Structures are given as C-alpha cells and as structure tokens.
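Below: a set of structures, written as structure tokens.
Shared between the two complexes below is subunit A, which has subunit B as its partner in the first and subunit C in the second.
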Partner chain A sequence: MGFEVLLKGTNMHRLLDGLWVALRISLISVTISIVLGVILGSLMTLKNPVIKVVSKIYLEFIRIMPQMVLLFVVYFGSTKALGLSITAESASIIVFSLWGTAEMSDLVRGALRSIPTIQYESSYSLGLNTAQTYLYIIIPQIIRRMLPLSINLITRMIKTTSLIMMIGIVEVLKVGQQIIEANRKSAPNAAFGIYATIFLLYFLVCWPISLLSKYLEKRWEN
Partner chain B sequence: MNTDIIVSYFPRYVDAFWLTVRIGAIGVGLAFVIGLVVAFLIHFKIPVLAQLAAVYVEFFRNTPLLVQLFFIYFGLPKLGFMVPAETCGALGLGLLGGSYMAEGFRSGLGAVSKSQSEGALALGMTRGQMFFHVIFPEAFALSVPAIVANVIFLLKETSVFSAISLMDLMFTAKDLIGLYYNTTEAFALLIFFYIIMLLPVSIVGGIVEKKVRYKMFGAQ
Partner chain C sequence: MAEILNIKNLTKSYDDLVVLDHVDLSVNKGEVVVIVGPSGCGKSTLLRCVNAFEQIQEGEVTLHGERINPCRGKLNTVREKIGMVFQSYELFPHKTVLQNMTLAPVKVKKINKKDAEKEAEALLDRVGLLSKKNNYPHQLSGGQKQRVAIVRALMMHPEVLLLDEITAALDPEMVREVLDVVIQLAKEGRTMVIVTHELSFARAVADRMVFIDGGKIVEEGSPEEFFERPKTERLKKFLDSFSYSAK
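Coming up: the complex of A and B.
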C-alpha cells in the first residue's frame, strides 16, 4: 500500500517539516489578516463614500478571484510588471493576507452591525463615556461573535496554503512527491500511502481547530 | 500590453473557459445532490448511515481540495481505481462541495422552528406533506446564503484542476507563459475570464438571496 516508505530513513520527519512550512505561512498570514481585517472592518462601518466604494471593490474582487490566480499574478506578474523580485514565501504571505483581510473585515463589519443601537444608548444613559462603552459593552460582545469565526478562518487559511506548492515552495505535498519519486523502484505503490497520509495529516491539523470553533460558537450563542 | 498577443491567445482561453465551466457545473451539481442526501441522513438520524455521513463531512471539510485531488488522481490508481482527469476533477469538486453543502442544508433544517411542524401537523398534514410543503421550502430558503457562498467557493476552487493537468484557465495561462513568456497578457486574460465566470454568479446570487429573504419568517 505504500505506507512502509514513510518509515524509511527520515521520510516521515521530512513530511512533517513540509507541513510546518505550510502551517507557518498560514499562521503569519492569519495574524496579519486579523489585525488588518479589524482595522478595515471598523473603517467600513464609517459612512465615508470613498472607503465604501474602495472596500466594496476590494472585497468583491477577492471574493470572486481564485487564490491560485492571485498567487500566480503576484509571484510571476510582479516580476515582469514592476521589476520586483519577491521570494515565493513573501508572495504567498502577501496573497493570503490580502484574502484573509477581505474575509476578516467582512466578519468584523457584520459583527459591528449586529450590535443593536440600544446597547450604545443604554450604556450612555448609564453614564459611561464612549471609551468605556466600547471597552465594557461593545467589544466583549463583538469578541464573542468574532472569535469562533476567526478560528474558522485559521482552518480555511491552512487549507488554502496547500496551493503554495504550485509556485514552487517545498511543502508537504511537494515533499510527498519527492519521496514517491525517490522510491519509484522499491515501492511503486507509494503514491497511495503518501497521499493518504498527507490527507490524514491535514485532517488532524484542521479538525481540532474546527471543533474548537464549533464549541465556542455553541457556548456563546446568545 | 500587446493587443495582437491578446487576440491570438483569446481562442485558447475560450476553450479553457468552457472546460472550466463544464467541470465546475458538473461538480457543483454533484455537490448539491451529495449535500442534500447527506443533510437528510444526518438530520433524520438514519442509523449507521448518519454516522458515516458525519465522518465524510468532517474529513472533506477539513482537508484541502488539492490534497483530495492528488489522493484520487495519483493515489487511488495504485489500488486499481483508474480515474480520468476530468472525472477526477468533477468528483473531487463534488465530494468537497457535498460536505460544505451538507452543512448548509443541515443548519437550514435545524433553524426551522418547531412551531412550523407543529402547526402543519395541527392542520392535519401527514408527516410527508409537512416535510415537503412546510419544512423543506423554509429550510431551503434559509440555506440560500450558504449555497451561494459555496457555489462561488467551488467555482474558484476549479483553479486547482491545473495540478492534475486538466487544460483549465489556470493551466492555459501557465502553459502560454511557459511557451512565450508574455506574462502580462496571459494574466490579464486569466483575470478577465475568471471575472466573466464569477461576477454573474455573484450578482445573481445576491439577487436570489434578497428574493428568498421573505421566506425566512419560519426561522427561530
């Protein structure tokens, strides 16, 4: 079945190293996305027509453009069009942050909109000032609504970073291919075992995070 | 940007566009059917099948399409299941989408309030009538936003097909860049065709979402 190849030499270790490459890029991108997404999402609730139009175009473009296309355009296109030479890793962080920021800002805007005006009014009438209202009333509620969704964004980011293989980053799928190639003679069926293992590895990484997100969502439902 | 190059590339992109749309449409259709069946199995707690369906949903929601396609396209033939690239693409998309659609339908079914089914039974409907005339239409309306988001997500995911050497839009762009190195023109056409494919879906999806909103009164 091809699973025995994994036990040879450092094959399993190399596969896990490859997985870490993808995970590191997704964690960096998620962090950037959350920070920029909160800023952009808050800006979008302002009634500024320029911000409204620009953010709408940005969000819609990211919504309909495959991440793979963005990845290729940024990595290969920027070299030709702008004369920049960026590494594959920075290109992928730029693309996934662009995508993550769009997703995150939409979530932040939705959460901010979902707080009824009565919450603001009541806290003002209780004598709280604007800073206190946000700190004690609004932000805690927003965090409860946002946190499960942001955790969900992490799993989506991890799944999306599997694409970095296509621009030549040696991550788990690429390592898998290399192992299969290297053992073509001794283990002709390695493809099944290796790809099944990678399938399982991704599942083992993403599943607990999804469960956490679901648990928090249920717990904080009201 | 050179217009001659764009004109000469155009027919190849049109071919790739139709291939992408065809496999995308088959995959989305498949996802729809799988999603409905799986959502019913889980919602009505059919023994054994419901558990299997839940395992399927968790597995396919928590792994990337690229990994699923590699497994189906390169892994399964080693066990004797040869899958041609086009079938593999549609099947992979259908399986991935099925798990997302199932979640959408299931939460729609769960959100229909109990008073709706009680009301239907009180009016003398049978369980079958209650389900097909009351519960399902409302649940479906409730899942529309999720369905629209999933359709867009799935059509975007078709860009991964180039990895199993299907001649889709992404593959064509990569191929042309590799041959002639006209990066700007090839990417401009690539973006243009994805906009042509997905902007209408996004706009129509938005309209449909607004149209079904009035049906959501039955939600909790």
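Coming up: the complex of A and C.
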C-alpha cells in the first residue's frame, strides 16, 4: 500500500515539516487577514463613496480570480515586472492575506450591519457611552456572529495552501511527491499510502477547527 | 408639583417633512403622561427627542432645567437619568437576564457587582421572573422579555421612564402581564411618559392624557375629560375609531 515508505529514513519527519510550512503560511496569513479584515470591514460600514467603490472592486477581483493565478501574478509577475525579489513564501502570504482580508472584511461588514441601530440605542439609553457600547454590547455580538464563518475561512485557507507548491514551496504535498519519486523503484505503489497520509494530516488539522466552530455555533445560538 | 421634564417649542423634521411641529409639554415629578395618536403622528419621535436620539431643528428639551436636547455636555450622563423601554425589548442577546440588568449599574454607576445583583434579583422577584435570572433572552417569551427590559431600565434609578409602545409587539395574552408592571410603577409614583395604543390601559394609568395628531398636540387633559368629554373633533374621531359598537 505504500505506507511502509513513510517509515524509511526521515520520510515521516519530512512530511510533517512540509505540513508545518503549509500551516505556518496559513497561520501568518490568517492573522494578517483578521487584523486587516476587521479594519476594512469596519471602514466599509461608513458610508464613504470612495471606500465603497474601492472595496467593492477589491472584493470582486479577489472573488473572481483563481488563487493560483494570483499566486503566479504575485510571485513570477512581480519579480520580473516590478523588479522585486520576494521569496515564494512571502508571495504566498501576500496572496493568502489578500484573499483572507477580502473575505474577512465582508464577514465583519455583514456582522456589523446585522446589528440593528436600536440595539445601540438600547445600550445608550442605559447610560453607556460609545466605547462601552462597542466593548460590552456590539463587539461580543459581532464575534459570536462571525466566528463560525471565520473558522470556516481558516480551514479553507489551510486546504488551499496545497497550491503553493506550484510556486516552488516545498510543503506537505510537494514533500509527498518527492518521497514518491525517490522510491519509485523500491515502492512503486507508494503514491496511495503517501497521499492517504497527507489526506489524513489535513484532516487532523482541519477537523478539530471545524468541530470548534460547530461547538461555538451551538453555544452561542441566541 | 415640581417640574422634571420640559419640552419647549420642539420642532423635528426630516428634510421637508415636519414630524413634530412646535410641541410644548411639561412633565411633573411623579406624573404619568400618556401620549396617544394615530400611527405616524410623531408620538414615538417625541420620546426619541427627549432621549436625544433625534436631532431637533427648533426648541429644546430640559431635565431639571438642564438642557438635554440639543445637548452640549456628555449625552451618556444625561441618558443615565432617563430610562427607556422599546417596543422590541432590545435586551442584549449575549447576556443572561441578570447580566442584562447589572451591566449598566456596574459599568456606568460603578456599583459593586454583588449589590447590583441583589437589587436585580429583588426587582426580578417583583415582576415574577426571579427563576429566569440565569436564562438568556431567547429563552423568554415576549412578555417576559419586556418585563426584564422594564426592570433593567429601573436598575439605573432613572428620574423619568419613557415607554415607547411597549406592548405593540406582544401577543395579546402577554399584554396584561407587562401593563400590570407599569401600573404598579405608576402607583409607586414613578414619573413616566408613555406612548401606547392600549386606550383602556392609558385610562387606568394616566394622570394626564395627550393627543398628538399631525405633529401637534391637539388636546390634553385628565383621563376622564379626555375620554368622556373630548373637546376637539379630531380626538372624538380618533377615540371612535377604537370602538366597535354597532351604530
């Protein structure tokens, strides 16, 4: 079945290293996306026409563009056309953050808009000031509304990191391919075992996150 | 009687649409003023102007002689003294009944949390909801939510309580439990300004009735005069629209 190849030498260790590369890129991108997404999403609720147009174009652009094309544009395009030399890892972080920020900002905007004005007024009428109203009333509700969806976004970002091998990053999938290639003679059937293992690794990472989302959704259902 | 709240020459308009047209109204301490009028007459807007949720174009609202709309100082310190209960309850959905009630006293008045909880429990007990103190709003019926909203407002010891159509969103069988609470408050001598469509309740609770139509106060007077001997045609017509007796 090919699982035995994993036990040879440092193969399993290499695979886990590859997984870490993918996870590190997702984690950094997710963090950046949350911070920028919250800022952009809040700005989008202001009725500024410039912000409205710019954010709309940005969101549509990200929605339409396949992530792989974006990766190629940023990694290959920017080095040649703009003379920038960015590492493949930075390029992936940029692309994933662009994508994550767009989706996060849309979630933040939606959550902010879903809270009716009268909920703010209810808080003001009790004497709470604006800062207290946001801190105790609005933000906790926004987080509750957003968290399940943001967690879903995080798992999607982790899954999509499998694309970054296309710009030469040796992440878990690439390591898997290398192991398969290297053992082509001794274990011609290694592909199944290796890919199944990678599948399992992705599953082990994403499943708990998905469970957490379900748990929070249930706990906060009100 | 000492005047608490004074509305003078208040005009509110949205662009060209005049919602309130030079309204004067004064409310004394311990008085219950009930405002009625056809939908869209501006009665809810008037309450919102008192709490400075609406900017006004002319006139002023004063509380103990201190101007609150247009407001120069800090709005939140003014609003602390004015309790408001909304048609849609507006409890905080992520907080339990007890947390809903203690949040403002603890955060705004800096009252000790234990003391605030004790007071909240006593108030909940009075409105028959002590057993629900650890429930979340979505676990309560409309009538229960509204009773919580009323006692939540009381936690801040407001000088005036504004009730904005607080039974309008309730199922008929829940109206009573909410109005009973309000009648109790009236008996205690709370100062209240109430906007409602429940005329029989209005009659039972009001010290003074006010009829607003077309953004103006058309008629005001004691409940007896108001309901038995309305002076204006408009009020007669309005009151008639509520009676279904065969002609």
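Throughout what follows, the second predicted complex is superposed on the first by the 222 of 222 C-alpha atoms of A that agree within 3 Å, B and C clash if a C-alpha of one lies under 4 Å from a C-alpha of the other, contacts with A are read in each partner's own complex, and residues count from 1 in each chain.
Just so it is clear, a residue touches a chain if its C-beta (ideal position, glycine included) is under 8 Å from a C-beta of that chain, and two chains touch if they have at least 3 such contacts.
Source: prediction; values computed, not measured.
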Kindly say whether there is room for both subunit B and subunit C on subunit A in the superposition, answering fit or clash.
-> fit
Where does A:Trp20 make contact in the superposed view: on subunit B (first), on subunit C (second), on both, or on neither?
-> neither
Comparing the two partners subunit B and subunit C, which touches a greater set of residues in subunit A | B
When the two structures are overlaid on chain A, which partner does A:Thr160 contact: first (subunit B), second (subunit C), both, or neither?
-> first
Which superposed partner A:Ser122 touches (first subunit B, second subunit C, both, neither) = second
Quick one: classify A:Leu173 as touching subunit B (first), subunit C (second), both or neither.
-> first
Would you check which partner chain A:Tyr215 touches, where first means subunit B only, second means subunit C only, and both and neither mean what they say?
-> neither
First (subunit B), second (subunit C), both or neither touched by A:Ile137 = second
Could you tell me how near the closest CA atoms of subunit B and subunit C get once both structures are overlaid on the shared chain, in Å?
-> 14
Given the complex with subunit C, which residues does subunit A contribute to the contact?
-> 118-119, 121-129, 132, 136-137, 140-141, 144, 220, 222
Please name which positions on subunit A make contact with subunit B in the complex.
-> 1-2, 60, 63-69, 72-73, 76-77, 79-81, 155, 158-160, 162-163, 165-166, 173, 176, 180, 188-189, 191-192, 194-196, 198-199, 202-203, 206-207, 210
Spell out the part of subunit C that touches subunit A in their complex, as residue ranges.
-> 51, 53, 74-77, 79-80, 82-84, 86, 88, 90-94, 103-104, 107-109, 136-139, 152-153, 156
Spell out the part of subunit B that touches subunit A in their complex, as residue ranges.
-> 58-59, 61-68, 70-71, 74-79, 152, 156-160, 162-163, 170, 173-174, 177, 183-184, 187, 190-191, 194-195, 198-199, 201-202
